[in-house]
């Protein structure tokens, strides 16, 4: 499970990250790997690595968290976020045993639906039946935040 | 999904029944059938059919709800509750395509875990691999309620 | 503080009664007396004294609770509810040191506003400055419930 | 009402700031002035004015917010925080009509108690009966955060 967020996105801090924490606590880490990704697409100057480290420390996050990259200096939408065609933060992505994206949701998603999707994916045999994600279109940056999250 | 409850059980009214409502709303009723069961094992005189009907009306429950039966007059633990060896209310039970009980939980269970279990069960082929429930032992009635629910 | 409710009113059970419990726990009972009143204006046959006693026991309510009366058999709107011109349940009423009604709210009221009102009333000297409630008009019974409560 | 916070303090972001927003929305601003104060006593380099401005924008805070000062460069406990002898963040302080501190609470405080205190203070006549705060002792910086907030 890939959970993408920004440290100043209210929908991430209040809803998305607590959900990621529940998932990392309830499921066996050998079967469900929870990975955070800091996908900063706005206010880059105040959401650097140092600020993220303070955030992770104070919120006591225990799962591994990556930092999305840019071509050159941090500005606009970062590379993974573009490649995966994310619409904003938070975004929850489920990747199956074969490495394919099977669930891709921007904004709120219920615990019932996430749990259901994880249960269905873990019941599958590892094979090549899953579809490759379509090639990514470049996203333009025009960010706004509401109670669901921050959109690009 | 079988959700058993009593109308004066705080853990049922505040946690269990709202969860059953979420399940009935989020999943396709052709794939996940939500059924309530009023398993009255205490205070029988004030939890009859007429009181249940008022409760269902006021809480606007939309899924079908059965009433557990007794040998003779309502007293002690009712028949299905005994047969299924339920410890109290609320109890959430998942029954698979072959009619076997696959999840049986008294008290609180998270949406993530219920969702996961439903996702895993729906991914199975219908077959005879599931185990029959063990024969039921008679339960003695010595009910107490706490924040999780009311136990027999 | 007078808190009126019905045991099958969702807005009472989920919001009003927990608020009454918080008030009874946070304030000195010598300064703020919390009194419940079961004002049954619908479904009288299943909300009698025996059902109320089970409810109070299971929800572990610790403040005193009265039962509103009728002229003759229980039917329609009970006497105190009529006299105080209550619109439905839950209703929260604050009565000052001189016995006058100073706050009268049907449905949801925030903890901030209830707390504020109690703080203001306790700062007053006991005197005759308060206004008498206006004489009550008979209410007609045409009850419906929503998330705020059940209205007459 | 003075609400002090830090933008990376979970107890502030999840509990204290939503409470300050409720207070600013429920009470007449001519009678209850809500003022925020960013009292950074740790991680100074990532909680500067630019980060605070992004936070205020994204969380849509509408009440005025000040930034506590330091002697010289930002480090250790800032000046107002020292002078008011605050133990950490969040801290809620009520100042009466005469300019005296009347409530001073570090960590969680219920809406009922805050509302009560505001109601009692607004019922007072403006006079000189209130006590001056005691002179502040220097605080040492040894910060830790838990669910209640971050303590110095």
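Observations
Labels A, B, C and D are assigned to the chains in the order they are written; within every chain, residues are numbered from 1.
Just so it is clear, contacts are C-beta pairs under 8 Å (C-beta built on N, C-alpha and C of every residue); 3 or more make two chains touch, one makes a residue touch a chain.
Fair warning: this is a prediction, and the values are worked out from it, not measured in the lab.
The minimum number of touch steps separating subunit A from subunit C is 2. For subunit D, the chain whose average C-alpha position is most distant is B.
Separating the CA-averaged centres of subunit C and subunit D is a span of 35 Å. Centre-to-centre, using mean CA coordinates, subunit B is 33 Å away from subunit C. Touching of two or more other chains is recorded for no residue of subunit D.
Those residues of subunit C that touch subunit B in the shared complex are 7-10, 13-14, 43, 45-48, 50-51, 54-55, 58-59, 145, 150.
Residues 22-23, 26-27, 110-124 of subunit A are the ones that touch subunit B when the two sit in their complex.
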